[in-house]
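One chain, chain A, appears in both complexes that follow, with chain B as partner in the first and chain C in the second.
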Partner chain A sequence: MRPALHAEWTKLRTVAGPLWLLLATVAATVAVSAVATSVVNCTASGCGSDTTKLSLTGVHLGQAPVAVLAVLIISGEYGSGMLRTTLTAVPRRVTVLAAKAVILTGVVAVGGAVAVLGSVLAGRLVLPEPGDRALSLADGPTLRAALGTVLYLILIGLLSLGFGTAVRDAATSMGVVLGLLYVFPIVSGTVSDPELQRLLGKFAPMSAGLAIQATTHLGSLPISPWAGLGVTAGWAAAALLTGGLLLRIRDA
Partner chain B sequence: MSAQGIVVAGLRKRYGATLALDGMSFTVRPGLVTGFVGPNGAGKSTTMRVVLGLDAVEEGTALIEGRRYRGLRHPLNHIGSLLDASALHPGRSGRDHLLWLAHSQGLAARRVDQVIEQVGLIPAARRKAGGYSLGMRQRLGIAAALLGDPPAVMLDEPFNGMDPEGIVWMRGFLRSLAAQGRAVLVSSHLMSEVQDTADHLVVVGRGKVIADAGVADLIAAASGNRVAVRTTAGTAAMRVLAQAGAAVAAVGRDTITVTGLSPDRIVGLLNECTVAFSEVSPHRPTLEEVYLELTREAVEFRTATPPEEVAR
Partner chain C sequence: MTSTSTPYRSARRAGRDGFAQVLHAEWTKFRTVRSRLIGTGAVPLMLVLFALLAGAGGNQQGSPPVPVGPHGGPVTDSFYFVHRPLGGNGSIIVSVSALRSSIAQGPGDLRSGTVPWAKAGLVIKKGTRQGSPYAAIMATGSHGVRMQDGYVNDTAGPPGRVSAESPRWLRLDRSGDTVTGYASADGTKWTRVGTAQVSGLGPTAQVGLFVASPSVAGGGGTAGSVSTATFEDLRTRAGWADGDWTGGQVGAGSPSFAGYPRNASGSFAGSGDRFTVTGAGDIAPAVRDSLPTGGHLRDLLAGTFAALIAVIVVGALFITEEYRSKMIRLTLSASPRRGRVLVAKAIVLWAVTFVAGAAGAILAAPLGERLARDNGVYIFPVSYSTELRVALGTAALLATASVLALSVGALFRRSAGAVAMVTVTVVLPYVLIALPFLPAGVAKGVATATPGAVFAVQQTLVPYHQVASNYTPYYGYYPLAPWAGFAVLACYAVAALAAAAVLLDRRDA
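Coming up: the complex of A and B.
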């Protein structure tokens, strides 16, 4: 496993794409979060909304480059035919996928942490006096939201890696993953049935997973924060399992 | 059977309705360059993918030094291969491509620089591989195949896209690999490419082996004791020799082949009847002819191109 990890890390660091995509994640997350917090109205009694959640809202956009990076890690190799070289170097296919998953987890953890810390910092700078006090990582729920957001980004990466492995074609995989992430909330916004809306919120990978960002009114959420992240983890596990299984049985 | 080299035995594989491999069996022995030739679609690449554990088969085994590829811990130390020279990330330098491969086998960067030098890629090693010519990519692919200093090397159409200088280099290189005692398998759909390189030939068609013999043996078998006669008086010569009981055939503008008479007897007969000729020699078919003869049956798609296609 160690040589396979070393090889995947060397692959990732010797092309420019991954670094740019991680920087895009940081930039998009921080920028959108800063804009969102700058429009909130705060009074002396508070800001009247979940400022933690608001200051992390940029991951809605920031997750897209993570998904693209994760898909490209495998689909790029399918596209060029390089996957065959990879599999001749490491014939144990599950090891190949596992090595890719570990390296992806590592870089998304770093990129995600920078993005989240940047967003929290931006929130503290942008929000007026009473609102920014809530934004402290010493505060339990805020810390949970921040840490959970990094985990969420990792899970989105793993989900995308799984889809990319199963689907093979880069453009199709990206379409499927981004569709899965963004179409659910849009559909949820158009349905009038509150029961169905709640159900979508419970099982869609993005809305369920981002429940981890909520710090106020937890009782009214369709799903509790950690259970929500668990749903996203379930999606990622299912995608990776499917991808790994197909990778094993298919001719390369 | 010895556990050396590459041993392919009874491979059978089906793609939908097409039988891609139909009992493919042969051995690649150490110290020899084995040419793996056959028309496109004969199953050469599929066989190589099976050897590398990339494609599964319904029946049969492919073993490298007696072991299955998928069971090898650091496979590049056992067999080096080049299937598709263009299968790389265009944004990664040639050196970095070799570097990740080296790391996958637990090899140090030093080894990367050695193989780069060995294939003469130093000037381009740090440039992006996307800008390489096909010939340079082939050299990079050969470098990758040599990373683990393997006792067996398998190359799929390595002459493709090479300039004449590159072809000469490749031939010498393959010879030197065999001279070092490695088992070398080189596929090609063009006979002339392997003619001067291979010691042994495995000729395939429709997923199975048609001929498996030394190059010299194949030529000898195909010559069939025929004698070639160069003459400008072809018709007269053919009449004289046919009357003497020989089977004659015109093969070129001034060449006829004769079966059933010795060269001495032919010279005597032609002199007797005062038929002019310039040369009488045992017929030496080129490998090209041998190959065409052997694969004639096996060609799946004959070239029946309509004229307008040719014009384009």
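Coming up: the complex of A and C.
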């Protein structure tokens, strides 16, 4: 496993794309978060909304470069034929996928942590008076939201890696992943039956996973924070499992 | 003897290399790749499938019907009415000396506040059936005196709030189908506010006092309200005799009426020429906020988003696949004028996607409407021309987004980045404007400046200045006119195509 990890790390670090995508994640997350916090109407009594969730809004955009990075890790190799070399060097295919997943988790954890810390910092600077407990990482729910957002980004990466492995073509897997993330919540929003709408909100990987960012009105959420992140983890596990299985049984 | 040898010349005539040939080549490349056909075929499939889902998803059978006004649109016709039948022509006068409103802050928590469109005044109406023709003159919370009729017509009268010190006299005259409204500051000098032709009032109409108090919009939501008005100096003239007044709520269980706030109810007290009336509701066209159970065409075309992903993937792959397989070298050898190749690709892609999108949307919209109506769901009515505009606009949206993906694909030469970029710029604005905490101003900015503005082509709802509501893109009210919104995306696509053409010329393939 160690040589496989080393190989994957070398492949990732020696091309320019991954670094730029991680920087894009940080920039997109912080920028959108800062804009969102600067436009909210704050009065003396508060900002009328969940400031923690607000200052982490940028993840909506920041997850897209993470998905691109994750898809490219595998489908880039399919596209260039590099995968044949990889599988010749490491014939145990599941090991290859596992090594890719581990390396991806590592880099997304770093990039995600920077993005989340930057967003929280931007929120503290932008919001007129963050109040005593809002946006302090010493506060339990805020820490949970920040940590959970990093985990969420990692899970989106793993989900995209799984889909990329299963679909193989970069554009198609990007379409599938972004469709799952962005279109699922839009479509569930147009369902007129409130029961069904709530159910879809529970199972959409983005809406469920981002429940981890909520720090107020927890009772009115369709799904509790950790359970929501669990749903996203379920999606990621299913995608990775499918990808791993297909990688094993198909010709590369 | 020397013989001169003539160089070999092929007997075949040189092929033409006009634009038509490039176009034909690109069309051949498009139609002979199965994944492109599958992607394009998914467009009508998605549109129809999601329309079926949306149409069949809700079941509101047995719920009370949505009141419809004389103009054919849905209306709110719920208010407290103190009335009596009056035959023939005549005149009614009253002074409004107080109009106080309370807004619900939470369950059971009513606080006094200003409801800009709280209404208190005189109304002549065919009957108490919702949606029946009427004309009314009223004092409002902060829009002065207004004369309104037919639910959508609104004429401004003298401005200013009413109070005990500065009461406002109101008068309605009926002469056949003509109703004229007057206002006065002293009860003697009258100014005509407006005249309405109200057909169908009938020989005997219900005439009297009314109080309405619509929900207050703000912060992306609405809060219920209730208003109380003091009427004095109530009298009738010229053919209309005084008599006993009966009071009651019109349209209490209507789907376009949110009901009274908790711990509040409609009532009237007083006798002779002095009454105090408490009421809630509105006499106005229904909007998305006041008719939450109603659907509109945009909801039925939710498949647009899924189709959008498909056309973006197809569009990006149409060029990046050539780079990946090195086919681009052959393409550019055959047609060395590179800009022409890109334009030919764009034309083929736009046309094919437009046809697929139009087929899907023209099929999906009526199908979804039919299913939704069968399930008892009220759909905001649209004219045939609007429906056609929405269908063709959706097709043009998809086609233009695929050309944007093609251009970004030519710029990036990588499919994953191009797909992500275009999806994020077109779809993500829509996700962001749906966030409940985003202020209306920002949502409007996003729906004006980003490629996401294009969803304006699907708008069918009309805002009314006399109804306070959340007129945000999330509810289906866009800041741009339908084709102006489309033009925003078209500008992005043309700019990206131009940039791609320049780079294609400059870079080695």
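Following the convention adopted for this analysis, the second predicted complex is superposed on the first by the 248 of 252 C-alpha atoms of A that agree within 3 Å, B and C clash if a C-alpha of one lies under 4 Å from a C-alpha of the other, contacts with A are read in each partner's own complex, and residues count from 1 in each chain.
Throughout what follows, contacts are C-beta pairs under 8 Å (C-beta built on N, C-alpha and C of every residue); 3 or more make two chains touch, one makes a residue touch a chain.
Quick caveat: nothing in here was measured; it's all calculated off a predicted structure.
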| item | value |
| --- | --- |
| Fit or clash - chain C, chain B, common chain A | fit |
| Which superposed partner A:16 touches (first chain B, second chain C, both, neither) | first |
| Which of chain B and chain C A:92 touches, first, second, both or neither | first |
| Touching partner for A:36 - first (chain B), second (chain C), both, neither | second |
| Contacts of A:108 with chain B and chain C, given as first, second, both or neither | neither |
| First, second, both or neither for A:4, with chain B first and chain C second | first |
| First (chain B), second (chain C), both or neither touched by A:82 | first |
| Which of chain B and chain C A:57 touches, first, second, both or neither | second |
| Touched chain A residues, chain B compared with chain C | C |
| Chain B versus chain C - smallest C-alpha distance in the overlay, whole Å | 8 |
| Doubly contacted residues of chain A, that is, touched by chain B and again by chain C | 76 |
| Contact set on chain A toward chain B in their complex | 2-4, 6-11, 14-17, 76-77, 80-82, 84-92, 251-252 |
| Of all residues in chain C, those that touch chain A in their complex | 35, 50, 53-54, 57-60, 219, 293, 295, 298-299, 302-303, 305-306, 308-310, 312-313, 316-317, 320, 324, 372, 377, 414-420, 423-424, 427-428, 430-432, 434-439, 441-442 |
| Touch list for chain A against partner chain C, complex | 35-36, 39-41, 48-50, 53-54, 57, 60-61, 64-65, 67-68, 71-72, 75-76, 79, 169-176, 178-179, 182-183, 185-187, 189-193, 196 |
| Complex contacts: residues of chain B adjacent to chain A | 49, 52-56, 69-72, 74-76, 81, 83-84, 86-93, 96, 99-101, 103-106, 144 |
